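Note that the chains take the letters A, B, C and D in the order they are written out, and that residue 1 is the start of every chain.
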Amino acid sequence: MLHFRKNLYRILETSSGKRRGISLAFNLTLITIITLNAIAIVLHTVPEYNRRFARLFYNFELFSVCFFTVEYLLRIWVCVEQEKYRHWFWGRVRYVFSASAIIDFLAIFPFYFSLFATDLAIVRILRLFRIFRLFRISRYSHAFRLIQNVVVDKKEELILSMTFVIFMLIIVSSVMYYVEHAAQPDKFTSIPATMWWGVSAMTTVGYGDIHPITPLGKLLGGIAAIMGIGLFALPTGILVSSFNEHIRTPHRPMTRRCPHCGKEIVS
Amino acid sequence: MLHFRKNLYRILETSSGKRRGISLAFNLTLITIITLNAIAIVLHTVPEYNRRFARLFYNFELFSVCFFTVEYLLRIWVCVEQEKYRHWFWGRVRYVFSASAIIDFLAIFPFYFSLFATDLAIVRILRLFRIFRLFRISRYSHAFRLIQNVVVDKKEELILSMTFVIFMLIIVSSVMYYVEHAAQPDKFTSIPATMWWGVSAMTTVGYGDIHPITPLGKLLGGIAAIMGIGLFALPTGILVSSFNEHIRTPHRPMTRRCPHCGKEIVS
Amino acid sequence: MLHFRKNLYRILETSSGKRRGISLAFNLTLITIITLNAIAIVLHTVPEYNRRFARLFYNFELFSVCFFTVEYLLRIWVCVEQEKYRHWFWGRVRYVFSASAIIDFLAIFPFYFSLFATDLAIVRILRLFRIFRLFRISRYSHAFRLIQNVVVDKKEELILSMTFVIFMLIIVSSVMYYVEHAAQPDKFTSIPATMWWGVSAMTTVGYGDIHPITPLGKLLGGIAAIMGIGLFALPTGILVSSFNEHIRTPHRPMTRRCPHCGKEIVS
Amino acid sequence: MLHFRKNLYRILETSSGKRRGISLAFNLTLITIITLNAIAIVLHTVPEYNRRFARLFYNFELFSVCFFTVEYLLRIWVCVEQEKYRHWFWGRVRYVFSASAIIDFLAIFPFYFSLFATDLAIVRILRLFRIFRLFRISRYSHAFRLIQNVVVDKKEELILSMTFVIFMLIIVSSVMYYVEHAAQPDKFTSIPATMWWGVSAMTTVGYGDIHPITPLGKLLGGIAAIMGIGLFALPTGILVSSFNEHIRTPHRPMTRRCPHCGKEIVS
């Protein structure tokens, strides 16, 4: 039994050692099911497909939840194989509250909860939660971990530039509100409403549903657009440089020699 | 009395030494009040909130102005503790005309002025001025000072590329005006009006309220959009590279020691 | 005969050696015909030109296909001059299935097929295929090969960031669908329809045909636009840095000589 | 007389030596007149200003043309002071056909030509030409020369990436035309008309006057927008890197020592 648990752990969690082939097959199956789930959730909202394939969508949902539930319970059972969740009871409790176990739980929880929910509003929100099943794939995605590192690495700079962006957004939107409110009281109704214009102008999206019409407003709008390019380019520049640092690191060996004693130093 | 003034100075202006705890608490309170002020000014323009919480907004405004006034007067009183404002009279006069004291003054001035103003247009503009209270936070914001350094450092290059951007904007808008005016006399009414299109196209905002319809105008519009990407990317590129230079410098020590022989190595 | 084949091969495929002048002239003619073809295909869709120059377009099409057909057959005949297509039969078969020969074939195939096709829908699609004649120019275009290298070189990073972009697009569009569907059921009809908004917002195109109107939707739209700038900037950053690496390499010699002692210095 | 010509040359063309003060004053006057001309040409198209200040605009135009004409003739007279225009006749002929003299000529030519022109269409176009007076300022603008160097330096790479951008624009627009023409025959009328959408989508301007509505068209539109970010970012990236190279060069001294003989080398 314990031997079986050990093997199961290897299949579920690690992709090395003896059971590598089975582990790889299992994980590929899991990724396929998650991807199909995402496609199903997306297509499910198209009225035509929902009508035609209603049965298929329901059966696939049922199958996915069963699969994910069994997998979730097995993961709790085998987690004690890991050093940090060693204790038969407290180890499992700690595992249940780990980030990846919570993501796994959120993938199945909406289904079970919706069985008991009678309020339609809650059922709607629960359906939305199903899309977060996609986050399960982050367990496998190199991209996800890389982006995480990229963002965490430049956390301070990003918060810094974001603070400034929000600061300028409030200033620009406030001034624009006082300039344009009299001319377009139904569009620039309040500063928060004007901030929708502000984001749209400064990110250069420009939907066109709201834009200044007075000469002063247009001048300010022009300045905001030019400023926006600079402002929103800052977080972009930070992300790009951080990204480049991360993807380049493995290519460049960082060992060099001390010019005094000639021994190798790892940077 | 003089000892009290010294302690007060430490609390208001510096965050080090004996009174560090009180100073930190005071400054956090100040930042909170400024932030709440910004939120109040923004939400105050939403008709619904303004109606419902009118009393709350008014009371908070009164409290903020009292707080800022007392703080402003105290700052003038204690400023002589600083070396450069040493003189009991001229030192205080010089402090009153320093950048940060002017910002502090602008944060309270509109309220007092509006008490005597009878003209509604002026009261409206004074309300707008309250948003500049947000600039008081710049005293604490690392982001604000960093952005300032970033911009000042590449001042020449920014002015240079801005000159060229404005130059091209005038040329492109003038040509577009002559091309499109006949086809859309109500939209491309004049060169200044066409410059609104020019900014919108060159910053790639594209609101869609004004765009060329003649084949020649569309060709020119396409060239302007492509050119705009290049032109407006110049100041962005300058800002990003300057920003990177500033945020990288403090993090990387340029001399380190060899772990084997202990001597310094210059990277 | 064999000597003639060798000379013909030199004219068609290589631009060096004895027949360089003729080869250059031939290749310039070919590029001109391809470019004129592209212009003809583009202008052919303008109703006015199509009516007026119908005969000219048809004759030029006929001439182009004849020219390309003769050239295609000659290329198959002479390809055996190349080392890797040496065998008189299997070499030619292998050549026919090489990338450049397939592109050459696709440039003439639609015309011949359309002679026998009676279904109008197929004829329409075949007309579209003619635009791929433009790809023939890639045989000569340095730009095309450079872009290919740039993309292939950073294949992994591009796939990585594209995965993340698609991932975030699905998440953002799903949440937006649940937020905005109730308010605008005719615009945010389904998640795939909302993804059209998602791409438009995240790439900052912002056509304005679909945009959120609820406060929560606008907040999410603003976050999506800011996030989009960061997300879509990643592949851009990767491409730009890869592009820079490729175009810089040949220009800078990495070893140079000291002008005083003549010894080599490694930069 | 010859001495007077020499002094005049120094005032007009160079800003060093004995007559530096007068030269500076003259050139500042010239820049001011050019700038005022640009403002006049721009504001002249605003119907309100044109009506009110018609006389002022006309008088200023007259004064400008007189000033520029006298200056133009004086420049031709004194140009022989320069080494390369030494010959009293052929030197002056060569000067008249130099780039800067042509720009000077274009600044005054439209006025004189319009005196004899009776056709209104030509007078309109001549008015447009007046805006090129602004190019006269390029003689003084450091920005203008820098941008010129930046562009010339990366000429090949820019042409290269522009070729690819146009290539992709034709391909994408052609495919889009065949996809959307049936659904929106009044908007996607022809491939050239679709190219207006293509530029708008790929530069992320997105005016919203033309956009795909079929699912296939939207998918293609999304791909075009993502691709566009990458494609149009290439020339931007090239320009930014070239710009950075140019503005950094003077700041960094490039001298280093040869590690073999210890002498200085200028990079």
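Here is the rule we go by: a contact is a pair of C-beta atoms (placed from the backbone, for glycine too) under 8 Å apart; a residue touches a chain by one contact, two chains touch by 3 or more.
All of these numbers come straight from a predicted model, not from anything done at the bench.
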Residue-number overlap at the chain B/chain D interface, same or different (half cut): different
Centroid-based (C-alpha) most distant chain relative to chain C: B
Cα-centroid distance, chain B relative to chain C, in whole angstrom: 45
Centroid distance [mean C-alpha coordinates] between chain B and chain A, Å: 31
Residue list for chain B, restricted to those that touch at least two other chains: 192, 195, 204-208, 233, 236, 241
Of all residues in chain B, those that touch chain A in their complex: 38, 41-47, 124-125, 127-128, 131-132, 134, 137, 141-144, 146-147, 165, 192, 195-196, 199-200, 203-209, 232-233, 235-236, 239-241, 243-244, 247, 258-261, 263, 265
Chain A-touching residues of chain D, taken from the complex the two chains share: 204-208
Parts of chain A lying in touch with chain B, wherever the complex brings them together: 157, 160-161, 163-164, 167, 170-171, 174-175, 177-178, 181, 189-193, 195, 201, 204-208, 211, 215, 218, 221-222, 225-226, 228-230, 233-234, 236-238, 241, 258-261, 263, 265
